[in-house]
Amino acid sequence: MVVPMRASTEPAPRAVAGAPVVDIKGLSLTYEAADGPVYALSNVDLQIAEGEFVSFIGPSGCGKTTLLRVVADLEQPSGGHIRVNGVSPNEARLRRDYGFIFQAPALYPWRTIRRNVELPLEIFGISKAERRERSARQLELVNLKGFENKFPWQLSGGMQQRASIARALSFDPKLLLMDEPFGALDEIVRDHLNEQLLRLWDKTGKTVLFVTHSIPEAVFLSTKIVVMSPRPGRIIDIIDASSLGRMRDLDIRETPEFLQIAHRVREGLRAGHSYDD
Amino acid sequence: MVVPMRASTEPAPRAVAGAPVVDIKGLSLTYEAADGPVYALSNVDLQIAEGEFVSFIGPSGCGKTTLLRVVADLEQPSGGHIRVNGVSPNEARLRRDYGFIFQAPALYPWRTIRRNVELPLEIFGISKAERRERSARQLELVNLKGFENKFPWQLSGGMQQRASIARALSFDPKLLLMDEPFGALDEIVRDHLNEQLLRLWDKTGKTVLFVTHSIPEAVFLSTKIVVMSPRPGRIIDIIDASSLGRMRDLDIRETPEFLQIAHRVREGLRAGHSYDD
Amino acid sequence: MTAARRASVLTPLVLAGCLYVLMLVHRPGVAGAPGPLFWGLVVALWLASIVALSGLSNLRLKSRPADRLASLAVPILFGAFLFFLWEVIVVGAGVPSVLMPAPSAIARRFAASMPVLRDDFIQTFVKSVLTGYAMGCGAGFVVAILADRVPFLRRGLLPLGNFVSALPVIGIAPIMVMWFGFDWPSKAAVVVVMTFFPMLVNTVAGLTAAGRIERDLMQSYAAGYWTTLLKLRLPVALPFIFNALKINSTLALIGAIVAEFFGTPTVGMGFRISIEVARMSLDMVWAEIALAAIAGSAFYGAVALIERGATFWHPSYRT
Amino acid sequence: QAEKVNLQLKWVTQAQFAGYYVAKEKGFYKEAGLDVNIKPGGPDIAPPQVIAGGGADVIVDWMPSALAAREKGVPLVNIAQPFKQSGMMLTCRAETGIKTPGDLKGRTLGVWFSGNEYPFLAWMAKLGLKTDGSAGGVKVLKQGFNVDPLIQKQADCISTMTYNEYWQVIDAGFKPEQLVVFKYEEQGVATLEDGLYVMQDKLKDPAFVSRMAKFVAASQKGWDYVRKSPDEAAKIVLENDASGAQTEKHQKRMAGEIAKLLDTSGSGKLDPADYDRTVATLLASGGDAPVITKKPEGAWSHAVVDAKK
Amino acid sequence: MTTEAAAIPGLKARRASFRPWEGNTLPVLVIVLAIVGLWYAAALAMNWRGTADAFERAGEARSAPEIALATMGQERPMLPAPHQIVFELKKTVIDTPTTSRRSLVYHAWVTLSSTLVGFGLGTALGIVLAVLVVHVKTLERSLMPWVISSQTIPILAIAPIIIVVLGSIGVTGLLPKSIISAYLCFFPITIGMVKGLNSPDPMQRDLMRTYSASQAQTLWRLRLPASLPYLFAGLKVAVAISLVGAIVGELPTGAQAGLGARLLAGSYYGQTIQIWAALFGAAILASLLVATVGLVERLVNRSMGARTA
């Protein structure tokens, strides 16, 4: 039997308000390796409505990246259903529904930082003047002003990561897939960018899928937190955090409600680990 | 001023007990780029005694990686003095005084995980049986048992990072230079590895230079915390945390002393940032 | 510092020694039958020059232009020394000029034959080599792209590409003369066949060199084939493509010259070489070879220069 | 113990060199106490270079090339001249309207270079036709190895040998009456072909001279045999052809034609008159790069041929 | 929703199903057929004039269809028809015992043996040179420019000298040809390897520095594995060039046997079809050699964990 993922025949409607932006049912993905299969995702069910901010958290190797890649049509599932904005991931990708921030910066070494940030804009055929303007704005946002004409290898690890964030934000996608975007950043920048991201999300009504390893970050940002567990990669808990409201400030992190949600996440995370000393 | 780094004529003694393992005075390093110089390090003074655990924290681009690279003789300073174990960094490198964990995993894609971990052992001429034994032990430590025969691209980001940690630990260097080793790991694994590292450090009396972005991690692990600031890269605060004792458990993070030190680090970090909203 | 001192002392000494030996070897009594002392001197100079050269190449000068100059000096001095040895051995041991003429004789011949050399150069290099090189490299590149773009063609074209890879010059040159006539177009056609395959193979290898997330990034932009090619895969393939351009720059020249052995009008570097060999004018043959070496090296150098500019980001330029 | 002799031929194994192969196969060399190693030549082999480098004791070469080498410092000496006549000619398609040498003006002519162009140049000089491509002269092409330029109409005339290329043109479908040939012999510009040459200083060594004397004598015996039974000689050549490309029909014809060029006196002794005529032709060829600039001295010797008595 | 998806056991299963258009056979077949078709058309066009001329010379008037048919059977065509080449190949490959000098297999073997030796020598030289150039600064600056200019020397011009010089020091037979082949083919390997050995990214190199690894260790464990894509691209080019080199090398050794000798003889005697057959022989040999290198590449890649996608 064949998954007719790419062969969908019905028309491709824009997501209707209320209809899930991401709709996953019974999804599984197995990597066939020489020494046996790896069950990266197993029977995953998940609905994400428009405008939600969903964090994914879980031990390393539990399939977070894989799940995002399936949504982005960069990986073909072995089984199950998946719809993105009401269409197949392939169609969604082809109509450029999302922006993806990879776990590694993936900057092109032959392009300056500015031209790296402008890459998607170039591809989308945006005029040079507007590209300039947008890249300047995004680089300012991630605090890389003054580094526009450097090449990637002349930047520190964290700066490269920020450049890749600027690149994904530059074309303002409705759906953002972010794979540990703030991993290499210190607390202060991270807090700053968290706030900026939250503001952006609130203002623009984007839907965000956000992989992180930081429990406070997950709780601070999300309306929903998905806790995953490895071998096989699966969802073990989905925690609703919308009660914290949409726009939050950093002080919220001391509230009991926040701490309680964080505790639940931590418990879930711990349960997903094999060693609990 | 010229640093007669490579032309040192005096004999190369092993570090005497009490003598600093790393001794830096007036160190500066400037990258000459096409569009002008980048002052990555400026007038850095630092002494690290044997057996210390020193964390470096600071905004991204402040020169943490650069400083570690100078200690490791991977970068030549533009001025100032530096001694490692009483000799020049070059001599220290040649006699294999340290192990370096890079910010990116830097695994060789044509080697399996096991053979990546065994790489330094191969180079040091250690017998095959012992290599096998040691790599197995280290892979167990970082919880990668069962992935020995995978190639790097078959692992998730965090798993790759753990493999690179196992690689550096495998040959048991007296001096460990760690550049954000736990950046891509979740809280649980991170806590676990923090404890393991602390235990290892306490047991073996290693000296550790540790770059991190996490304030709690820095305070939890260190006897000394170095706070840095960018443009030009410099040290703005050195905080003694030896009062917390050598072996700590995770509960220490709730003590007032811990929180006080963390607060001071946060203040320093904030001061080093250009935007304080 | 010691290397610098050694180099700065030894280099003038070696130079002086070489000049002295050169004067000596051309003396009537010495030429053809020098004594063991003479050869001893030559060997001593040789050893000294090795020390001097390795000193020079490890030299680091403070000012950039001076450092450039020093780095240029090494190959030049090395080459000059090779020529010195050649001259001394040929003249000293009295090697017949039909086997190997002395560099001095070649140089004299070169200077005296400028008009002929110019005409030959225009015929062979400007007309045959440049045209054939551009067309051959272009064809190899286009076929590689075609094979990459159309999977069906890939599996058919690449084996066929291998098939034409080793059509030997001596086989195709007469056929090309038959098809395209005696003048330069037939030589250019030979060059096209010779340069096609290296470009094909290297471009195909280069097009597979892009990393996974770099490609995924393009996928996530739903970038089409050509966009991905232009903005990602070709830049990554450039180091490979330049390898082919470099290999071809010398291959094209050899091809054009050899092809002229198989029928030409009475001009061209290969024509001249083949007739002068039979006339035993080996000095003229070597003057043409020198011209080929100069032209080929300059061509190669130009390609390498462009490569450095176009692939500045490659790790091999970031040491 | 047989004495070793290395013979370098001017061209690939074919009936042109039948005498040597026959002498070897029929044991004439062995009878003379020689062990002869025959090295085939080819377009890329200059026999004077081979002998100067010590790769041969004796070579087969055409006299223009040998004299050029002599002037350039390889002191070659002709020790025997089995070929009396030149087999070179210019072959034209009759349809071009060329009937006499005078009609060659403005035509495209295929010429063998590599030292074989001098008789042609001398001839053109005699006819007053320029060869440098200027108006009122002839257009010269450096011809490859085969007769395609004539058949493909890329040239009006090409160089041929009576014993080889001419017959290839015939084989390609031309009838003799559709061709016009100018033999160099008849135009008075013939030069000596296929002589035996050795290094001058070696002739001082009596042992070498006697070895060469035996070699020349045995070779002459081979040539006599070729004259008498050309067909069998052709077969022997075929057996020695390592490339397996020669055909029996062609080689038999070649052996027959070669026989017509041989010196019938049987001694292989160079006729000084032929030599003088060759030198005169070469000196007349002129141009900016003359093959020889002055009369050579001591370029031939009868010492070897005389020694065999 | 239509994304009808049932658990299927992996994607591999799909790939295993029979799809002839995914294998190599069908595309190669289609393209070969297309080329054969074009070839016949070209043969018709290119041979037309020569065929018509030949009939005219023979004084026979023929209709266009007759001429068209005859273009497919010319003895000296501009472009032989594919079946002519196939018949010639059949004659010289299948119908002739492989030990015969008229067998193409025999000649291919002669060439192949010097190709393989030359390729081996060239590969060794190319790699050693690249390793030296990458490690020894003196050599990079002083040797490389001269290596490059050495490659601009037309080999056919100096090959005879090489052969003579090698001959005078007693090196004869297979080796001189192999040396010429090696001289031509080491260069692509050197160029590729120099780039490849320098291609590991700075962090991978730094890792070795931190281990204070010796140059040899860095070479074996980092530079060489990283250079393999470049090496294999170089090897594919080099193996093809080494075949050309071996063929070229057969000329100054008297073109006694081998594909080069066949080509030369074919060209010299105007046997166009024999040339084409030899060309095809060379091309088939080259394809096999390149394919072998490709196979080794795939095996090596697999053992080094390359993604199988």
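Order of writing sets the chain letters: A, B, C, D and E. Residues in each chain are counted from 1.
The rule is short, and it goes like this: contacts are C-beta pairs under 8 Å (C-beta built on N, C-alpha and C of every residue); 3 or more make two chains touch, one makes a residue touch a chain.
In UniProt terms, the chains line up like this: A, B = ABC transporter ATP-binding protein; C, E = ABC transporter permease.
Model, not experiment: these values are computed from the prediction.
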If you take the chains that touch chain A and keep only those that also touch chain E (ABC transporter permease), what is left? B, C
Starting at chain B, fewest touch steps before arriving at chain E (ABC transporter permease): 1
Which pairing of chains accounts for the highest number of C-beta contacts? C-E
Distance-wise, how many Å sit between the C-alpha centres of chain A and chain B, to the nearest whole number? 29
Using CA atom averages as chain centres, what separation in Å is found between chain A and chain D? 85
I'd like the Å distance between the centres of chain B and chain C (ABC transporter permease), where a centre is the mean of that chain's Cα atoms. 48
Among the residues of chain B, pick out those that touch two or more other chains and give their numbers. 104, 153
Shared interface positions of chain C (ABC transporter permease), touching two or more other chains: 99, 174, 178, 212, 261-262, 274, 277, 314, 318
Hunt down the residues of chain D that sit against at least two other chains at once, touch-wise. 43-44, 46, 49, 52-53, 144-146, 148, 152
Help me check something: in the complex, which residues belonging to chain D touch chain E (ABC transporter permease)? 12-13, 39-46, 49-50, 52-55, 144-148, 151-153, 168, 171-175, 178, 241-247, 250
Which residues of chain C (ABC transporter permease) touch chain E (ABC transporter permease) once you look at their complex with the stated criterion? 53-54, 57-58, 71, 74-75, 77-79, 82, 99-100, 152-157, 159-160, 162-172, 174-175, 178-179, 197-198, 201-202, 205-206, 208-209, 212, 239-240, 243-244, 246-247, 250-251, 253-254, 257-258, 261-262, 269-270, 273-274, 277, 285, 288-289, 292-297, 300, 314-316, 318-319
Please give the residue numbers of chain E (ABC transporter permease) that touch chain C (ABC transporter permease) in the complex, ascending. 21, 23-24, 27-32, 35, 46, 78, 137-138, 141-146, 148-158, 160-161, 164-165, 184, 187-188, 191-192, 195, 198-202, 229-230, 232-234, 236-237, 240-241, 243-244, 247-248, 251, 259-260, 263-264, 267, 275, 278-279, 282-287, 289-291, 307
Listed in rising order, chain A residues that touch chain B in their complex are 31, 33-35, 38, 57-61, 64-65, 103-104, 143, 149-150, 154-159, 161-162, 180, 183-190, 192, 195, 213-215, 266, 269-270, 273-275, 277
Please give the residue numbers of chain B that touch chain E (ABC transporter permease) in the complex, ascending. 69, 72-74, 93-96, 98-100, 102, 104, 106, 108-112, 119-120, 122-124, 151, 153
